[in-house]
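Shown below is the structure under consideration.
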Amino acid sequence: MTGAEPVSGQAPGGGSGGVMAALQRFIEADGTQRFIITVILVNAVVLGLETSPTARDHFGGLLVALDTIALGIFVIEIAIKLIVYRGRFFTSGWNVFDFVIVAVALVPTVEWLSVLRALRILRAFRLLSVMPQMRQVVQALLSAIPAMGSVILLLSLVFYVSAVIATKLFGADYPDWFGSVGASLFSLFQIMTLESWSMGIVRPVMGEFPYAWVFFVPFILMTSFIVLNLFIAIIVNAMHQSDVEEHNAHEDAVARELAALRQDIAEMRREQAAGKRD
Amino acid sequence: MTGAEPVSGQAPGGGSGGVMAALQRFIEADGTQRFIITVILVNAVVLGLETSPTARDHFGGLLVALDTIALGIFVIEIAIKLIVYRGRFFTSGWNVFDFVIVAVALVPTVEWLSVLRALRILRAFRLLSVMPQMRQVVQALLSAIPAMGSVILLLSLVFYVSAVIATKLFGADYPDWFGSVGASLFSLFQIMTLESWSMGIVRPVMGEFPYAWVFFVPFILMTSFIVLNLFIAIIVNAMHQSDVEEHNAHEDAVARELAALRQDIAEMRREQAAGKRD
Amino acid sequence: MTGAEPVSGQAPGGGSGGVMAALQRFIEADGTQRFIITVILVNAVVLGLETSPTARDHFGGLLVALDTIALGIFVIEIAIKLIVYRGRFFTSGWNVFDFVIVAVALVPTVEWLSVLRALRILRAFRLLSVMPQMRQVVQALLSAIPAMGSVILLLSLVFYVSAVIATKLFGADYPDWFGSVGASLFSLFQIMTLESWSMGIVRPVMGEFPYAWVFFVPFILMTSFIVLNLFIAIIVNAMHQSDVEEHNAHEDAVARELAALRQDIAEMRREQAAGKRD
Amino acid sequence: MTGAEPVSGQAPGGGSGGVMAALQRFIEADGTQRFIITVILVNAVVLGLETSPTARDHFGGLLVALDTIALGIFVIEIAIKLIVYRGRFFTSGWNVFDFVIVAVALVPTVEWLSVLRALRILRAFRLLSVMPQMRQVVQALLSAIPAMGSVILLLSLVFYVSAVIATKLFGADYPDWFGSVGASLFSLFQIMTLESWSMGIVRPVMGEFPYAWVFFVPFILMTSFIVLNLFIAIIVNAMHQSDVEEHNAHEDAVARELAALRQDIAEMRREQAAGKRD
């Protein structure tokens, strides 16, 4: 998601320039944006009401109709954007996001794909792409991820290695928790979140393997420490950014002052030189 | 809660100026403030004792009497303030807070409104409005909220979308946890706090839907990450405020020094110019 | 605990000055300190072993003897310090701490005071007062507490008010959890730590009072937010301290440089003035 | 783990210099590094698959063969490094780490040492020593530990003292949780992580000892506070490091500017002096 957006005002290179420009003005208008936000909100409420049996019984037809209308509006919106921006449409991560969210809803919902029907509510996330302040928040969150890259790699490595060890040691006796690498990964994730780690898992395991704590306690300490450092990386990153701006402002003020001083001195030298020549 | 307080010393524009001024002096006196604080504390203890059956049996009448007296004092205090400050009274959030807290206690307590009786202890929160240092702490806490606005909006959106999905997918099989959007919201809040999320909810759900972790683990990671960023926003905000003060002090020192330098150089140039003229 | 320590080398004003000075040199010698640290460690191990039935069976007599010897050494140490420093002894919080810890062990252990016997291990905390680096850590921890004062007061108020409300609303139906203000305080503390708050307490309560979440969820949000701000107060405080030192160093460097500049300019002006007089 | 690495390019002082130099070039080549990383990854996947019964049934022989080949490659790699670097090999903590990880796999796996077989997956951690960016992350994590030294010592002391007290007070009635100092340490660690501390442990104990909360609640508050300070020590440390770099950059800029100014003024004085001599 680069956030790069098709530059508005740039004339699309088609033949029917007048119509295209009008379409672009229409789709980029503030009123249109506000209308789309309203449609998203109404659609979110409709999809929420659809989960209630009583609401379905009383005005189920209305809810389906409203959902279809909202979907139609989204399809038209994206179609216009595709016509106006063409290839450039897909250079914005947000547009791709909108496109996928809406496209998913158009997939014919076969019986066994009822999961996809449940995902229609994901359209509410279009609020993120439509409201500039939400885009900013999401981009700030995403910008923190690269700084965490290598720590996440380390954490994954610790998880994989621990899962293989746990499966080998405890898998035979506790198949529900450590029967496979996948089951162990889930159990270790639960243990990392400290949920029922002792009463639920480690104490029972220690009934069979009294020294199991030698594995689990260091695992908890290690993952907590790594996660803590993940947090710190984000905090330091955020702090640094807010600091840099501030420092720059300060530095600028001092630099301006110093530049003025040098200017003064330079002028003085010129005057002096001029005085000598007199 | 703006914290704006009626400016003391400003003469109220009524006809009976002398009485009004005396009332204002009385209500704003340190002694009165200390007396009100004492009444609040005694009232809080009385309401606490009222919950104990033995205390009620032995001196229930005394407790009710003390509570009524305390309430009477609060009513008189607020009445005086209303007389003195009139319309300006409601320009302070703290006054509105006091007014509502006391007014609630005057509502006749019908049988089914026993909840309101339990809320009488909220009067203890008047300590916050009466003690300046507590006001400051509360205002510092509240001042952190705007910085969190858009992140809270994002978190709400994630919660709503997840609740609708969870209701659709798991509602039929686990009505207690995911039977309605409201029930799902509560369960997801519990899961976000990591309380019994695995042993209590996700493992049972995975008995029926083996891939349920595909929904819940990302939900935990996502909400934890967003909440973490909420915290960071507050930390950076607090740090920034304490930093800015410090930086400004430093900047001032450097700026003062540089200004003195320019002054020196300017004088020197004047002297030089004067020297040339000689 | 002021940490103020009797100034060594200062001659005690007694008559038998020579003996006193020798005693002071002895008690303040590095070797004596190291010996006391060793005794504390041995005593801690002995008290730990005393909890093991097998260790008690095999050399219970030895353990009791070692404990008595250690206690004797501590009594002698403190007696010497009392003789040497007299009144000044109690001006140091650490000395008072040592005195109380050792005095407790001398109280005759009546049957029903077996708790006091269990507290003998508190002597191991004397390590904190004997080792300078541990003193420093403890003082750093304690120094963070005043900054948290008013936030702790706010948290206590929220707890008390919530406990009274919970007792009134849920006390009759759930006496184990909310039967008295004390029981409610404990349950609310548990809920604040998020331990089994939902599956263990709130969901059962919601069986009887479907709207109980209106009380508990805001309680969790509010206390979490206040505790977070407690943490932030400590972090900002710690950061500030480490920052101030650094900033000062920087400011010093710039100030030195600027002072040198002004010096240069002042000399130049003097030279110029001298030139003019020529 | 000092991270000091044998300086490449330094001629090993053996007689057969040409062969040695060629070996060193080979072992330090980028291609060799990439090959070793691939072998580590393949080996990690193989050891993961070995935990799956179906994978073992279908191509168990292949998995064992691949594991043996990978081990052989590691042995050859380390043998070459030992030949090339000789004594210097062990001056790098990472090399010692590699050596131990591989040596463990060569220990004959007796029946009761099946734990060692499970530890073969630890070889996946060789990724940390082979990839420079992972080395850096691990070293950054390890560098945070010394700053925590004395706080960890304090935490250990609190744990030991609390474990001895808990064993003495509750050991007889709750042998599973507090039967020995070891059991108490585990239970207290669980309580510190807040896992089931109340519903699981303290409420049952309070059935027998109604005042047990006097011990456990302060324990939770104290350890939470100490752990929080542990975190803060790391955060302040990390922040400080990133700050110092930034500050230095800023300081450098200002210092450069000031130095240029002094240079200007010095030149001016020289010119002035020259002018006077004219």
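General observations
Chains: A, B, C and D, in written order; residue numbering restarts at 1 for each.
Please note the rule applied: contacts are C-beta pairs under 8 Å (C-beta built on N, C-alpha and C of every residue); 3 or more make two chains touch, one makes a residue touch a chain.
Here the structure is a predicted model, which is why all the values come from computation and not from measurement.
Any chain touching chain B that also touches chain C would appear here, but none does.
After Cα superposition, the angle needed to carry chain A onto chain C is 180 degrees, rounded to a multiple of 5. Among the remaining chains, the Cα-based centre furthest from that of chain A is the centre of C. Shared numbers divided by all numbers used gives the overlap of an interface; between chain A and chain B this overlap falls below half, so the copies present different residues.
With each centre defined as the average position of its C-alpha atoms, the distance from chain A to chain C rounds to 42 Å.
Chain D has its Cα centroid 30 Å from the Cα centroid of chain A.
Looking at chain A, residues 194-196, 200, 235, 239, 243, 250, 254, 258, 261, 265, 268, 272 sit in touch with two or more other chains. Taken chain by chain, the contacts form a single closed ring in which each chain touches exactly two others. Pairs of chains in mutual contact: A-B, A-D, B-C, C-D. Residue ranges of chain A in contact with chain B, taken from their complex: 44, 47-48, 51-52, 115, 117-119, 121-122, 124-125, 127-128, 133-134, 136-138, 140-141, 144, 186, 189-190, 193-196, 200, 231, 234-235, 238-239, 242-243, 246, 250, 253-254, 257-258, 260-261, 264-265, 267-268, 271-272, 275, 278. Across the interface of their complex, chain A is touched by residues 150-151, 153-154, 157, 160-161, 164-165, 167-169, 171, 180-181, 194-200, 213, 217, 220, 225-226, 228-229, 232, 235-236, 239-240, 243-244, 247, 250-251, 254-255, 258-259, 261-262, 265-266, 268-269, 272-273, 276 of chain B.
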